[in-house]
Structures are given as structure tokens and as C-alpha cells.
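Same chain, two partners: chain A is paired with chain B first, then with chain C.
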Partner chain A sequence: MTMIDNTGAGALPGRPRSERDRIRRRPHRASRNAFLSPALILIGVFTIVPIVLTFIISFSDWSMLTPLTQLRWVGLKNYGSVLTSPSVLGAFKNTVIYVAASVVITVPLAMAFALLLYTPVLRGRNIVRALLFATYVVPTTSIVIVWSNIYASGYGPLSTMLSAVGIHPPGWLSDPRWSLYSLVIFNVWQMLGYYVVLLIAGLTQVPEELYEAAKLDGAGFLRQTWSVTLPLVRRSLFFVGLMTLINSIQVFDPVYLLTQGGPAGSTETISYDIQRAAFQYGQAGQASAMAVTLFMLLIVVGVIISAFMRRRRA
Partner chain B sequence: MNKKLALFAAVGLTAALALSGCSSSSSSSSGGTQDITFLTHWGPDQVKQLKSAAASYEKSHPKTKITVQAVPFGNLLSTLRTQGSSASGPTIAGVYDLWIPELVKDGITDKAPSSVANDVTSNYSKGVVTSASQKGTVYGIPNEVDLYQLNYNKALFAAAGIAQPPTTWDELTADAKKLATGGHQGIGFITNWDSGVVHPFLSLLASDGGSMLNDDGTKSALTSAQAEETAKLYQTLVDQKLTDTSMSTANASTTGPYLDNFANGKTGMIIMANWWESSLQQEMGSKFSDVGTAPIPVGPSGTASSAISYSWDTIVNAHASDAQKKAAWDFLSWLNGPDSGTGGSSEMGKILLSMGSMPSRTSDIQANQSTLGTPFLTPYVKALDDSTPFPTVLGGQQATDAFQKDLEALLNGQLSAKEAMSRGDSDINSALSAAQ
Partner chain C sequence: MSGAVQNSLAAQGPARRRRGSRPVGRAVLYLALIVVALIPLFPLYWLVISSLKTPSEFSHIPPTWAPMHPTLDAIGNAFSAVPFLHGMLNSLVIAGCSTIAVCITSVLAGYVFAKYEFRGREVLFWGLVATMFLPPIVTLVPLYVMIRSMGLDDSYLGVLLPWLANPFGIFLMRQFMADLPDELIEAARLDGASEFRIVWQLVMPLVSPAVITLALFQFVFCWNNFLWPLSVLKSQALYPVVLMLNQLMSYTMSVQYQNVVLAGALIASIPTLVLFLVSQRVFVQGIAGSGVKG
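Up next is the complex of A and B:
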């Protein structure tokens, strides 16, 4: 029978180990709490309190022009509106399309660029990497001015190029069938460099020996990518996918600056609707209900993806 | 002991945070002096002028101290929402008239004293007074007024052999047909900007004898024959490809292709507000002289041209102390009155004209005839008395945004005239009831 040694150096003889550990930790608890309290208070005041307040406000009618003490309780009315309002449902639909298109385009494209830029034989790859990342660093407001001209019908470079090769350019921001996808193109362009850098970091973790072994087994580039690279960077890919999803769900700046939700509501998204309901219409209750619903949706999506990944690992 | 220390640390930190967050409130008076804050979205040049006017007022009223707080237009309403309900918030604020119903409902804005109310009702046009009032009570002093007229490119008109701007819808359609050649659009209808979409439509509707809401502003009136006629005009122009939505989008700064295409001579006609004069001058340079202004063409059921107007007002915080409120109203009366400036113009009139805006006070319009009497602005000034104020009702902004979508769907051929008005009617009613 294996005996457990409870009498190590510094141990308090005659007491069970768990109790001795508790006694040993006691003097540190207060100092630990004192050191942590500034950060915890800040997190509490600026993160937890607003989340709790948002949840409370979502059950009330409040215009933000009166004190919080004058909240008027309306129960689930705001949630009822969120689930039945054609405008809000339209915004949810647009958000889902925007997120799906962003993820489907961004993740494979970022992987392709990462593979290309990780190839040792490519000259000038650091310059390309820096250029790609630059789009992420420049503030959206500045970039949007450029993109509003790129998308301009008739005289914008995109339309001019398409016209030059005999293709009738669409109304990028004026046609309700195109406007949302125009924002997706902008999002992919803006975020791609950031995700490429993340995936390149993931690629550096793949052991070179595995490629050598694969080569000895006669595997070509595609086979190596499929059987070695992708399985080993799946965590990075998962992270990039999750980041794309979360960032896309929160899309606001390009909508606000380029289309204002139009034309015909084709680019109204949840974040834009939340801002408009709260700050333009003074319907903070409705806006909070939308924010809570979006928050819950994000949690559900995150849990589903995590569960899927856990199952894959198992 | 340690627990006590930790507790004190926590309480101390919380108290410090709370105090640092709350200690910014300013005292309303010190030693009998009234401190008042003027919140505005004006640019640096106008803020400088306002500060200068305030300094001049302080000289003759040493017991009043005025501080100007400037925020970008986009942050104005959110600043009011976050600070307006507090006694230490801005004492005076410049607001868009459509915000007044909500500010009144939530008790943010003070009723104008009778002397101020009498001055407003006597010295401003009826439409502007209506916009500054709720249920007959005046809540603000109007300053800037904006309204819509038909702007057209005289060079394009001459090239198409059109001698005069259209006065009726039939003439409008016929002229648009002549102008829509060689990549030009006959008439531009702005998209992606709420007022830019809705106000021109409502100006045409008003010139056809119709309106967006019923007389008491409680329900939509878009099921009227006039509304359907106006929507059919849009549909005709869309079906005959006399208007092109891709040439008339707007961006967040209310510029973009609609401005570029008109300035570059690609758009023959457009219905726009007076304030875009400076943008046109900047973009067109010497070709600005090609721009003509004409009244909104009259529809088949209409008898006279009428343009939608909206205004800006200065209001006083109802939560301020009585002494502060009195000081604020006194300052505003002086700032907007004919004695504050020179030649019968108020200081407010001078500030507005310096940024290309039209003052609404009758004496300011008369005193600044030389500035307002340009070929571009004269029709706007003349149209002021017969203008139709945009209804300042609770939910007005939601109703505008909802109707914008329906009009954009009509302009993009997604809805017919009848469908757009039917949906607009329902959307506006929902928006109005949601805001109650």
C-alpha cells in the first residue's frame, strides 16, 4: 500500500495537509485581496456594473434623459419588440449574412496569405506582411473616406476599372442587393492583415521535421498542407474564426460612416440599431434588450464552437 | 485586523472612484455670480464669435459668467442625454427642433418666460414658431432655419434647350427627360441619409396639398391621394430611368456622390436645403454661377409651392437653478435680439450668416438683405413664409427613418408607389406609437 508523506519540510505536524495549507495561506489572503482590489474594483465598476445595468434597463422604459431612479418597469415588452419588430429582425438577418460572408471569405483567404508569406523562398514577404497589417492599424474613419470614393459610381476607381473591361459596375453602396456585400469586402480588406499575422504565428509552431517526414513519404505541397499544416494550426484557425465572428457581429463604424443603414435598410445591423435606438430615439430599454440578446447570442455561438472543437480534439 | 484593512482599502478605493466621478459638477453660483454653460455643435470660428459675444455681454452684466462647451454634431444629442438631466449639465443648448418633444416630455427643457415667448411669436415666421413649441407653449428661441428648393444646373438646362425651371410635375418630368442623356441623370434623389431622402419627398407632397401626418400629428396621412400621386411621380422617374440612385448616395458627413454629381454637372436637378450652398461653392468654384434655385414644382392636386422647413433652437435646462435660468434667458434674449449686433442684426444672425446658415428672425433677414439676396438664396428666403414645418412630434425621428427605407425601396424599384405608401403608413404609425 502506498503511504502518503504528510511531513514535508515546513509542514505543521499533527494536522491534515489541507488544514495546514489553509493556515499557511491565511496571512497572504488579505494582502492578495488588497493587491487585487484596484483591478477588481475597476472591472466591477466599468464592466460588471454596466452589464448588470444594461440587463436591468432592458426590462424598462427609459430615454436616458431622466435619472436612473425614474426607470419605468415594462417587463418583457422590450424583448417582445426585439423578437417581433420587422426592423430589428431585418437587422439580425443582415448581421447574420454579414458575419457568415466575412467568416467564409476571411478565414480561408487569411490562411492562403499566411501560407504564401510563410514560404521562405518568397522575396519581399516582410514588406507584404507590413502592408497587409497596415490596413488594420489605420483608423476606420480615415479609411472610410478613401473607400467611399473607391465605391463611388461613375467616377470611382472600382467602377471605372470594371467599365473599362466591359462590365457594368453595380451600385456598390446604392443598390440594396450589393451594399451589404460591399461592407463585407471592406471588412475583409481591413482585417485580413491582422488575421494573417496571427496565422503566421501559428505556422511557426509547426515542427519542420513533420514536413521532412511527409516529404520522405512522398507528400506534395497540397498533401502537406492538408495533412500536416491545417491540423496543426487548427487552434489558430479556430481563434481567427472566432475573432472574425465576434468582430463582424459588432460591426458599426463602416455602417455608420458609409451607408447609415441604407439603402432601404439593407445594411442595418444590430450594433447600428442599438446605437440608433439608444442615442437617436431615446429608447434605451429597447436598445438594452437588443444588446442583451446579442450578448446571449454571442455566448451561445461561442459555446457551440468550443464544444465542437472539444469534440474534434477528443 | 487584516480583514478590516482590506475592507477599508475597498471602501476607500470605491469612495475615491465615486468622488472622482462625481466631483466634476460645477457650482451654479459663486458670490452672486451666475455661471451658465452654452452647449453647441458649431465649428471653431462660430464658437469664437459666440465667446466674443458672451464676453461683450459679461461686460454689461458682470453677475453672469458664460462658458461655451462645443461638441461635434454627432455627439450633441448624446451629450444632452448624458448631461442634460443634471442641474450641473449645460444651462443652454442648441438643439434640432425634432428633439424638442422628447426633451419636453422628460422635463429637460424650461418653458420660455412670457416675455421671451411673446418675442418669439412676434418676430419669427409661423412655421418656425410651431417647431419651437409644444402644445402652444414656446420652449426655445429659434435661430437657424433650413428649407428645401429645387436646384438646377443652368448650363445643362441651356444645352437641353430648357428656358425656365419647371413649375409643375409635368414640366419636371418633361425636363428630366430632356436632361437624362449621355450619362446624366435628369433629377437626383438622395439616398442613405434620412432627411435627404424624406424631406424632398415631403416638399413635393406639401406642394401637392398633402402631408406626412394628420393635423394633430398623431397618425400617418400617407394613404391620401396626394401621397400616392407623389409616390407615382417617383415611380415614373425611376421607370423611365430619369433618376439614378447610384449617382445620389450620401455618406455620414452628408456629402458624397449626390454632391459630386451635381457639382460636376452630371445631375440636372435636385431638391436640397439652403445650407449646401457653401459645399457647392467649394466644389464648383467659378461654375457655382451655373446653379439656379427655383420653388418646388406644384403637383396636380396642389395650389402653391411649399417646402419642408426645419430649424434649430436654443433651449434652457429646466434643472438649472431659477437664478441660472433667468440669467440664461436674459442672455439668449440679448443674443437673438436686434440690439446685440450692428445695423439691426443680432449677434446670433451674424454668427449664423458667417457659416452660411439662414437666420430665422425677421429682423435678421431684413438687416442682412445684402447677404441673403443672392440669386441662390433669394428663392429660399421668399419660400420661408409659405414653408411647411417638418412635424415636431414624439417619434418624429423614428418615423423619418422608417419612411426613408420605404422611399429608398421605391427608388430602387423594390416597391411600387402604392406599396411604398402603404408600408410607409404602417411604419410611421408603428414608430409614432412606439415613442409614446
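Up next is the complex of A and C:
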């Protein structure tokens, strides 16, 4: 018996683990394929294939109103016309400003709110957290409607309140200098609660001892936050920044519903331009060239951010 | 610093004196808490009271801060100006089907990524997760072309097909399932349970908070999604509620009807708000878990 077992072990190295491995692996090829294929096929067909198609269409002259067989290869012509069009360049600029303003406002504000709502002695902080999060589940369409009324001059509450304290309210949506930032404000309003929840979760991961240590070293609240808390929630902050970027780069609903890119092109964003070029003018090639440019921009930003994060970690 | 850590660990003294333990500091913190609470509350309050005002009170300058003669007329008008109820049902069908499908595909794929070992697993998984960061606008045009060439534009199926599986769901399920002990699953296998039964009757109940979180997330996403139905649907009979709102907005641009639009905005928000409030505790924790683990 022993001898047979030994030769067996000699023939199959690692035998002691084999029983466990066999149980883990045995039935799996079939069920693995069966369980993975629905998700993989759906994501493959409706995400990966369209990415490839976007590239192909971007090199073609093709009206969406005609069948795919009318597709004609034109090389980089679409990129040439898109990247020299002042309106498209303006849309890229507006999108960058919109995204930058959203990130710059959202991340510090969410952090401050998270710190407040993480303070243990405060009663009712969970209710406030839920209230903040509630705006995330309200349809953007509804948010656009209520905020356009809050912004309204005359019967709108915001202008009334500002006038009451002696500030002359700007033309929130009608003044080209303000309109884009007015859209940023309700983007921040809608998304803030989600990020506060994420950051509070990050804060719960900071070991209590570190605060005590900092306190013994004589650090006050601000110093503790700056030197202990922020470095330790860096990953959460990074994630929040990234999500803000991804969410705000595709701003479409408020532009379509409220401003149609105006006044004076001040709220024309790249998502709005892509949808309009394709679905109103049928210019699928140019819309795709814009989409690819946006995609490339995102990849560049992603590479820069991850390189930066890696350097910080090292 | 490390010396200080050891000190504090050795001391095991009374709990650290928490921020805001002095009365004045605490009052300031409560004031801040109230201000923070007003940020989400005020626009929601404005949405509700504007829907209850009469048209003349609504356009009154300066505005009134509470409705003087509350009326449900605007809400009733929203239902009669466009087929709003029909839109709610369309949204329910679209968001409901998508949510069920996403939960099934994510649970199955998440289980494989969490508990099976096979070559290329990590590459495949992180490749999938990377597509999570792809904004849908990038693939809008080819997606529409594909749906149209399948003859599915302007149909429920066309609205649904791209949203039946998503990488976020797979990611969330794997993160939660990876924490389940392997021994549990191995024991079930030794008892002769099929893999499908293990997923359905053992694994899924154990990660139900994560499944609920995913379901709510997907439902809210689909209920609120505007760009895709706008691009793919033409018949009003299929419009989800957000497209009905869009119609309501364009029908009633004049100030006299603005309160009808606001009433519509209120009605469209109620289902997702109620769902969130009902499951708020699980939802918030599930989302928080996804962030920490990510």
C-alpha cells in the first residue's frame, strides 16, 4: 500500500494538494463556460464590438441615414475636419472646464462632508448621509427641471435670496460666463452624496490608534486630518476623483434639455456634439472621430493618473 | 511616529477625546450638519411645493416659500398632458428586465471569477473591469447602428439589449463572493450539489446585500437613463418616463405651465426615491463596500 502510494506521489508531483485541487477544478470547465458566457457575450457584442466599430466608422464618410454598405473609407479626413472646427474645439474646451470644475469642487467638498458625517458624537448623521445620497437616485431630467426653476430670475428662489442679501444675481443660464458653471453646480449637487458615502467608508478603514498617536504628538484636528487622515484615504480620494471625471465627461442631459449648447456655444459639450452630429445631422463619421478623440483623451488621462499614483506609492 | 504608536498601544488609556466633545464645538458641528442637510433638502422641497402651487402663485414675484392654496391640479395635469402613467410603466418594464438580467449575469460570472481557478482569469477579469470606465457616449453611434441593423430600433428589446450585463456588477459580485470560505463550497460539492445549485441556493443568499445593492443601482441607472432611449426610440408608446418629461417640457414652455413640468419631475422621481428609502441601509453599505474594496 505504502509503496504504491509513494510511486503515485512520485509520478504526480504535489500530490498532497491534488485532492483539494481536484475538488476545486473537476466539474468546472463546463460550468465555467456556461456561467461566464452570458456576461462575456453580452459585453463583447455590446461594448467591445462597438469600440472597434467606432474606430472604423471614424475613418469613413458615412451618413447614418444610409445602410452600412454605403460606408466609404476616407482615412483621416474626419479627424481633420473635426479637429479644425472651432465649434468642436470649443466643445472640447467646455468639456475640460466642466470636468475640471466638477472635480475641483466635488472632491474637497465631499471630503469635508465625509469628515463631518464621520464625527462620532453627532446624532442624526446617518439621516443626513441618506439625504445627501438621495439626490443620486433622482433622475437627472427631474434635477434639470427643478434647478432651472431655482435659477429662474424673478420667481426663482436663488435670485430672490441673493437679492435679499444685496448681491445682484447673475443670469445663471442666460449669461455665457455663468452658464457652464451653473450646469456644474447641479452636477455636483446630484453626485456629492454618492462620493460622501464612498469617502466615509474609506474613513472607517483608518485605524483609531493612528489618531491617538498623532494626538500624543500634539497634532490638532487640522494637522491630524492633513497628516494622518488624508494620506490614508488617498485611494478613496483617487477613486472619487476618477469617478467624477468619468461621470462628468459624458454630460449630456442638462445640455440637451436646457441650453442646447447655448448661450453663444458656452455649454456646448463633446457628448452633446457627438449625439447631435450623429442623430440630427447623420454625420456618423465625424461623430465617431469625436468619440475616438474623447476615448484617446481618457486613456491619456488614465495613464497619467496611474503613473502619478504609482510614483506617490513608491 | 512608530514610537508614538507603540506608546499609545501600550498605554491603552481612555478612549481618545473626540472632536466636538466640548459644548461650543459641538454646537458648531450641529450647525454645520444642518447646513449640509439643507443642501439636498432645499431643491427637493422646492420641487414638492412648486408642484402643489397654482399657476398664478407659481409665477408670483417674489416667490412664496410655502404654497398658500395647495392643490393637486398640476399633478393631475401632468398625467393628462402626456401619457405619463404609460411612461412610468414603460420605465418599469425596461428597468425591471435590465435589473433582473444584470443580477443573473453578474452573479454567475462573479462566482466564476471569485471561486474558479483557470488560466487567464485575472487578465480577463481586469480587462472587463477596465470597460467599466468607458463612457457610453463613445460607443453610442455604432451601438445604434448595430441595433438598427438587427431591426430592433424603436423596440423594448433595442432599449434593453446593451444593458443586460455590466462589468460593475461582475466586479461587485466577485469582491463579495471572494470573502466566502472555499470550504463551504467544497462541502456542498462533496454533498453532490450541482454548480448551479451552489450558486443559486448557497452563494447568492450569502451575498444578498451585494445583490440588492446591484439591483438598486441598475434599476436607478435604467430608470434615469436618458441618452440611449432618446437615441433609439421613436414611438411615444414606448417612451420611458424621462422621455415623457422631455415632451412635457417642450409642450409647456410658457411660465403658466411650468408647475405642470415640475409636477412631472416630482412624479418621475418618486419610484426611485421610495426604492432607495426602503432599502437605504443595505444600499449605502453595499456601495461603500464596493468603494473600499475597489
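By our rule, the second predicted complex is superposed on the first by the 280 of 314 C-alpha atoms of A that agree within 3 Å, B and C clash if a C-alpha of one lies under 4 Å from a C-alpha of the other, contacts with A are read in each partner's own complex, and residues count from 1 in each chain.
Please note the rule applied: contacts are C-beta pairs under 8 Å (C-beta built on N, C-alpha and C of every residue); 3 or more make two chains touch, one makes a residue touch a chain.
The shown structure was predicted, so the numbers you read here are calculated from the model rather than taken from an experiment.
Asks: Should A:Asp175 be classified as contacting the first partner (chain B), the second (chain C), both, or neither?
Replies: First partner only.
Asks: Residues of chain A touched by chain B versus by chain C: which partner has the larger set?
Replies: Tallying touched residues of chain A, the top partner is C.
Asks: Classify the contacts of A:Pro263 with the two partner chains as first (chain B alone), second (chain C alone), both, or neither.
Replies: first
Asks: Where does A:Thr160 make contact in the superposed view: on chain B (first), on chain C (second), on both, or on neither?
Replies: second
Asks: Applying the touch criterion given at the start, work out whether A:Leu132 contacts chain B, chain C, both or neither, answering first, second, both or neither.
Replies: Touch partner of A:Leu132: chain C, not chain B.
Asks: So, A:Pro50: does it touch chain B (first), chain C (second), both, or neither?
Replies: Only chain C; A:Pro50 stays clear of chain B.
Asks: In the superposed arrangement, which partner chain does A:Ser288 touch: chain B (first), chain C (second), both, or neither?
Replies: Only chain C; A:Ser288 stays clear of chain B.
Asks: Quick check on the superposed pair: does A:Val121 touch chain B, chain C, both, or neither? Answer first, second, both or neither.
Replies: second
Asks: After the superposition on A, what does A:Leu210 contact: first (chain B), second (chain C), both or neither?
Replies: It touches chain C, and chain B stays clear.
Asks: Across the two complexes, what residues of chain A are contacted by chain B and by chain C?
Replies: In chain A, residues 27, 31, 34, 38, 45, 64, 67, 154-155, 256-257, 279 are touched by chain B and also by chain C.
Asks: Using the touch rule from the top, collect the residues of chain B that touch chain A in their complex.
Replies: Checking each residue of chain B against chain A gives 2-3, 5-6, 9-10, 13-14, 17, 77-78, 80-82, 84-85, 102-103, 105-108, 183, 191-194, 197, 244-252, 256-257, 260-261, 264, 266, 395, 397-398, 401-402, 404-406, 408-409, 411-412, 414, 434-435.
Asks: State the interface residues of chain C toward chain A in the complex, per the touch definition above.
Replies: 1, 4-5, 7-9, 16-21, 26, 29-30, 32-33, 36-37, 39-41, 43-44, 46-47, 50, 58-63, 65, 104-106, 108-109, 111-112, 116-118, 128, 131, 133-146, 149, 161-162, 164-167, 170, 182, 186, 189-190, 195-196, 199, 220, 223-224, 226-227, 230-231, 241-242, 245-246, 249, 255, 258, 261-262, 264-266, 268-269, 272-273, 275-277, 280, 284, 287-289, 291-292, 294
Asks: Which of the residues in chain A end up touching chain C in this complex?
Replies: Listed in rising order, the residues of chain A that touch chain C are 20, 23-25, 27-28, 31-32, 34-36, 38-40, 42-43, 45-51, 53-54, 57, 64, 67-68, 113, 116-117, 119-122, 124-125, 127-143, 145-147, 149-150, 154-157, 160, 189, 192-194, 197-198, 200-202, 204-205, 208-217, 221, 236, 239, 242, 246, 249-250, 252-253, 256-257, 270-271, 274-275, 278-279, 284, 287-288, 291-292, 294-295, 298, 302.
Asks: Considering the complex alone, what residue numbers of chain A touch chain B?
Replies: The touching residues are 27, 29-31, 33-34, 37-38, 41, 45, 63-67, 81, 87, 144, 148, 152-155, 171, 173-176, 256-265, 276, 279-283.
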